[in-house]
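In the two assemblies presented below, subunit A is common to both, partnered first by subunit B and then by subunit C.
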Partner chain A sequence: MASADSQISKPSGPFDIVATYNELLHSDPDLTMPIAAIEALVLLLTHSPSSTISETLDLLEKSTTHLKKSIPNPIGLSAGTDLFQRYLITTLQRPGQLGPAGDFNAIRAHLLSNSRLFIRRAKESRDKIAAFGRGFVRDGSTVLTNGGSRVVASLLQQAADEKGGPSAVRFNVIYVLSSPKGDIENPTAEPEGMETVRALRTTGVPVATIPESAVAYSLGKADVVIVGAEGVVENGGIVSRMGTYQIGLLAKAMGKPFYVVAESHKFVRLYPLGQYDLPIEQRVIDFKTQEDVNAAKQQQTTATNTSETPRRLRSEFHPDAVDFTPPHLISALITDSGVLTPSAVSEELIKIWF
Partner chain B sequence: MPSHSVPLTPGLASFLKTLKTNPIDTSIENLISLLKRRQIRHSRSCATATAHLLRSVISACRTSDASKLIERVQSVGRRLIAAQPREMVVGNIVRRVLGLIRDEAEDDRDGDFTLSEAGSESQPQTPRPGDDPFDRSVSKPISSLATHPVSMFSLLSHPDSETSLPGTPATASPSGRLPGHTPNKDIRAEVLDGINEIIDELGQVDDQIAAYALDHIHSNEIILTHTSSTTVQKFLLKAAAKRKFTVIHAESYPNNHEATHATVSGKAPDDDEIISTESFQKPLIAHGITVILIPDSAVFALMSRVNKVILGTHSVLANGGLVAAAGTRVIARAAKVHQTPVVVVSGVYKLSPVYPFDFDSLIEYGDSSKVIGYEDGDLVDQIDVQNPLYDYVPAELVDLYITNLGGHAPSYLYRIVSDHYRKEDISF
Partner chain C sequence: MEQSQPQPQPQSQGQKVSLKPAKPAKQQQPPQDKTAASAPADAAGGDKLSPAELKKRAKAEKAARRAREKSERDLAGGAAGGQGPNTLPGKKGSDAGASAGAPAAKAQKAIPRRGSAQPGSQGGVAVVKKKQEDKTVAVFGHLYGQQRRTTIAGAGKEVHPAVLALGLQLRDYVICGSSARCVATLLAFKRVIESYTTPKGTSLSRHLTTHLSHQITYLSTCRPLSISQGNAIRALKLEISSIDPSVPETEAKPSLCEFIDSFIREKITVADQVIAGSAAQKIKDGDVVVTFAGSSIVKQTLLTAFKQGKKFRVSIIDSRPLFEGKNLARTLANAGLEVQYSLISGISHAIKDATKVFLGAHAMTSNGRLYSRVGTALVAMSAKERAGGVEIPVLVCCETVKFTDRVALDSIVVNEIADADELVLTQPPHQLTDLPDPAAAPGPEPKKGSKTDPSESLAALNTTGSPLKDWRDTRNLQLLNLMYDVTPAEYVDMVVTEMGSLPPSAVPIVHRMSTNM
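Our next item is the complex of A and B:
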């Protein structure tokens, strides 16, 4: 993170946490949202020489709220900010050298000096998950997966890799590719996950790519479904790339095991009751009459005249949309603290909150 | 299951008898071949044999170095598991013994240094009065799991303070260890004590489970069960002492029907492997309970009248599924269709931390002559006869597990697993 660090630390007025967060996310494709959020908060602390506990917590609280407000989908990052905040509070309350009797600066120094360590640990946890998850990919099996999850990619990669374990697993992958980014008619970028597909093919794993509409058709040939997640919520369900929910439903209907791989820092204290209960606004279902369409077109032309980016208005379907997969569809969560049942998630969360 | 009872048929009894006299390596070989030949096959017999063997192994091991003990137990454990990978209780007992050694080693280390943290968390561990040692061993979560950095904080924690992380409530270690150990106490003796507790637990587990019977069996209920599991029988007998109910007993042909018939009619089973306490037990009918013996094929037809299904099991897996005698899944499935609650009774020792990656590999196949005798030569020549001994029952077909710790939902079993086994031992 040295590059990002140096860019940000130039004395350019007040510290902008949103910009920092976005910059961090873009600078390292391997960085997850929670970790980027933690990094941003660490940098924030570096920039603000607060010396009392309540001042620091207040600052964190404010910046977190600001950050959450300015990001369209803050579920992933809130896992990171919550974790950071809770860590700080619990460390302060705990008796010991870092506790209230101890030196507040010691904690500060620890957090500030170890940001690289956090990132390294976060990446290591992927390897750990891959080690746990290897057993789920059996010889001769076919794995169905979707999205661009880096954890899934590393799990499959490691399973296919000779070095990852006693012997390479020979398996096939069915990769569900979401509709490409940008306009459906003229895609601006290749669909998410193509990179993983290429990497797997290079390792010698036969990969079939299918559109989302072919999931039900293809599931009969799959033995197991493995997906990634953006956030794991308290009831054990997951918030993940749009399309995961339907794969979960289909897998359940066909009696195929549905596994989720996610790092434990993605656990987020959220209890959605259904698809429309997520604390984010997504205009996935957008009813329109011809009148509305015409009005939108008009608006669009004026927008192009004022040379603003009209993409968001034009695209009917936001590529970053997420859906919620309820826990009863999930067979198990493969995390860096072991293979958990969905109900174990709340316990991990309770451990840090109470 | 030796059917003729010559004084020293190879089995649990003879194994335990010779364990004291034989040199340790002979005993290990002995148990391995017993497991391989399936001369020991009930879950509890396997568990008891393993626990006794490990006790001898540790007492023969003249070292108090924890890592050497762990290594030794691991190597013996690996051989035992390799001998009979489907007998998961063997692995469970080995893992629990490993956990014991690790605990003792950590306690020891705590005793050596640390006055800094100990005052706050790890001290209030006086044994409660009136606790028998058995009770402690059961209710004791392996203390260090709680202090183990499984917490989500492991990401942020200080590199050298990892073992004493926040998020571990002070109540997490009621380990009930005797206080006042000297820094250089004998780990071996403590571990042997622990193994004795495990052996005690194995002896008393059925009675403990049976203590919950009255909560689950009510007057005039119709209970369906399967196989001649002693855990289930004791459970029913306990309720029969107070209440009147009806038992429908599926006979579990062809692997267990003889034992089932014997259980129902109360004829002492000629099976010296099931330890003698059961043989003088009065059958349910002697308590005035109506017992209806049915063939397995009638289960679905009768299920609509059944109030509760109570099943025994071979082993329970970490995801809440279970491996039980063939025919169990049919019953569980039928119960699901009729919305009849399914209760599984099982000792905690049967609970395995292994996640079932591959269900097919869990199923053991038995003697096909039980399905079609070899005297029916014409038929045997022409067809392929299979006799699976076990069924895998997925977690969603089970409503409740009753263990010696109480009743648990299948989704809660992960918690009991993490209380009883150390993470580092799950795949040793």
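Our next item is the complex of A and C:
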């Protein structure tokens, strides 16, 4: 899917930001979307010959919009690009050597080195979160989780790891696996999260895997729900893998604590009012009559256009579809800046943005 | 400013006199009732004060007012005899209506009583003076303190004509709405500053604040100041006091006028545009937007969204006695929007096909609650607790100048009581026959939550006009005309401000930031 996107995207000069972004995501499985976006932007700056501030900002702006347009779900990505842009502007506005009056080349060098530092720190934040969140996994408890979040995986891994300290705990995991048949392009692929399941089992943690339809059934046996997030929005809700919202609703109904694990660079400046207020178009609910189905089939067989095929297929069911979990369903957010209540997220965001 | 006031002037004037001595009253004994006789001397002493002292005085006034009302109630209790301290004045023994007595008893329980004061206190409530019966609703007794000014007679000579006129406009709701009142006040103060000359022996930064205080006191007797007015005045006073005394008046005055202009521009005019722009983004094609009463910022939002070519319907909920939604309905309909207008009694019907609720605000309190025109809470609740349906998002459009560090837990402690006559003085339906209008009798009173005895109001039916016309003479009948109510933070999904969209819990953070800057 990603490679298809980079093919159809028109190249923006000699440096293709979209291709770089996708390449980065593919090359490093530990990389999150916002970090990949920031890294791509840093690479763009190193390649670009821009010599003035406004030129740099303009280039950044253009590439960001281009990147957002080319990716089907730019919510997670936009957290990174917005943060980077904001960081650049505040750095440039600061008085002194690195301010608008200073030598631009020095500013650029400083920016690049700092951006790298930022990326390194963002990668380290996962360990920090695991340290914060370990206390939430108690001895003898059962954790229910879903999706392929790397932060959740590292948190559980650390909690289970004997070398992690004397406080290693024994716990069970119920892993909700989304049905693999949703991924049309690659029907033989194993469901997302299988890797984590295997890793946990190797460490000695008993893991049960259940389909999404069995969440309500299994939740009675779970003590705590821990999920990852693609983006944390301004009101403290999360945008996450399709299916998280229903787990949140069920956890609330059953009175189980529902924790979200997310790095603070995933905080997005976005305020959705509900499921259908997200700034992306997802054709999850797609009404069809038999006539439409036949027409689609015919079009599919006749279509030789490569760009048309993946779009059609995706409309069946998007494997990357997301939903919005409102803040009142979330007990706490475990981030690298501490354990926050949903209402504290807006405070953190305001701190970054003003 | 108060010396030359004629003592027997009824109602509001009398009220004002008894307010002034309140400051020294605090230093002595709050519950002890101050007689009006000592007013002139005290008022003279309390004239030249720094802002800090003024604030202290305002606080003391409030305390004294409360004490006075309390003692009044105690007084009444004493008159009725030892065993029945809670009955209202004018009620003898068993005659006392249970309906009026009950809330009084409740209020008395809430406030610890002190020893009874001596008689002779000026009637804190004008209504009581003529009749024997207390026409105040006991639970809201603390809100009646300041009777609204009826005329400009007796206003201090320091009060600028522009402020005099503004006061009357505020009182008559000619200028209504938190932002409009704030802007009008600032513009009037600009004229005050323009025509101001520093007296000899003082500096501008010291004397102008006192001079403005006179204007502010006058304005607050016309109608209690809004939160936005208070915030604007605070900012202005801070600016005045930060002027270096060595700066000549000719330089200081233009700079203050410039400050007022930029305050209006930044905090209200441009802020409104930003809010309207970002709130309009939340309106999607096919939406049915419900709004309550007539908020200028909501109007701007809806018009902005309409200009962007969005296709949506607007459902305006309105209520008596101000009918602020009528103007909004007309403006929107003239602009070409599809508008449905209904009264709050039809809320359950109007909310049925709604998809979003947009509300204006009088203020946002620090616990995230919305303080707005009475009825707003009902609209928000209807949207969030819609039976069997998905809850509808409730959005509040509010400039940060309306944020306050106060905390509101209910709409009783902080509120504003308007003249109860506003509930009565509606044009009766024109009738050709002599028959009384059957709808008029039970009509107005249940809406505002006033307590009334059906038999009494029925008896009043044969009088011409509104059956409630003689409510002051009708025993056991009290009218309550509240201005505001408080919407819990749980009913608000989003607060749209010029600094971005926030959850209600972020209000104190933004307030802190916007005042520190």
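What we mean here is this: the second predicted complex is superposed on the first by the 306 of 354 C-alpha atoms of A that agree within 3 Å, B and C clash if a C-alpha of one lies under 4 Å from a C-alpha of the other, contacts with A are read in each partner's own complex, and residues count from 1 in each chain.
What we mean here is this: a contact is a pair of C-beta atoms (placed from the backbone, for glycine too) under 8 Å apart; a residue touches a chain by one contact, two chains touch by 3 or more.
These figures come from a predicted structure and were not determined experimentally.
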Q: Answer with first, second, both or neither: which of subunit B and subunit C does A:N235 touch in the superposed model?
A: second
Q. Who does A:S337 touch here: subunit B (first), subunit C (second), both, or neither?
A. first
Q.
Under the stated touch criterion, which partner chain does A:F118 make contact with: subunit B (first), subunit C (second), both, or neither?
A. first
Q: Classify the contacts of A:Y87 with the two partner chains as first (subunit B alone), second (subunit C alone), both, or neither.
A: first
(Q) With both complexes superposed on chain A, which partner does A:G274 reach: first (subunit B), second (subunit C), both or neither? (A) second
Q) On subunit A, which partner's contacts cover more residues, subunit B's or subunit C's? A) B
Q) A:H265 contacts which: subunit B (first), subunit C (second), both, neither? A) first
Q) Taking the superposition as given, does A:S346 touch the first partner, subunit B, the second, subunit C, both, or neither? A) second
Q) Both subunit B and subunit C touch subunit A; at which residues? A) 343, 347
Q.
Which stretch or stretches of subunit A touch subunit B in the complex?
A. 38, 83-84, 86-87, 90-91, 93-98, 110-111, 114, 117-118, 121-122, 125, 135-136, 138, 264-265, 267, 331-332, 337-344, 347-349, 351-352
Q | Contact footprint of subunit C on subunit A as seen in their complex | A | 234-236, 269, 271, 273-274, 277, 327, 343, 346-347, 350, 353-354
Q: Flag every residue of subunit B that touches subunit A in the complex, lowest number first.
A: 116-117, 120, 150-159, 161, 164, 166-168, 318-320, 355, 357-358, 411-415, 418, 423, 426
Q. Which of the residues in subunit C come into contact with subunit A in the complex?
A. 282, 284, 356, 393, 395, 493-494, 499-503, 505-506, 509-510, 513
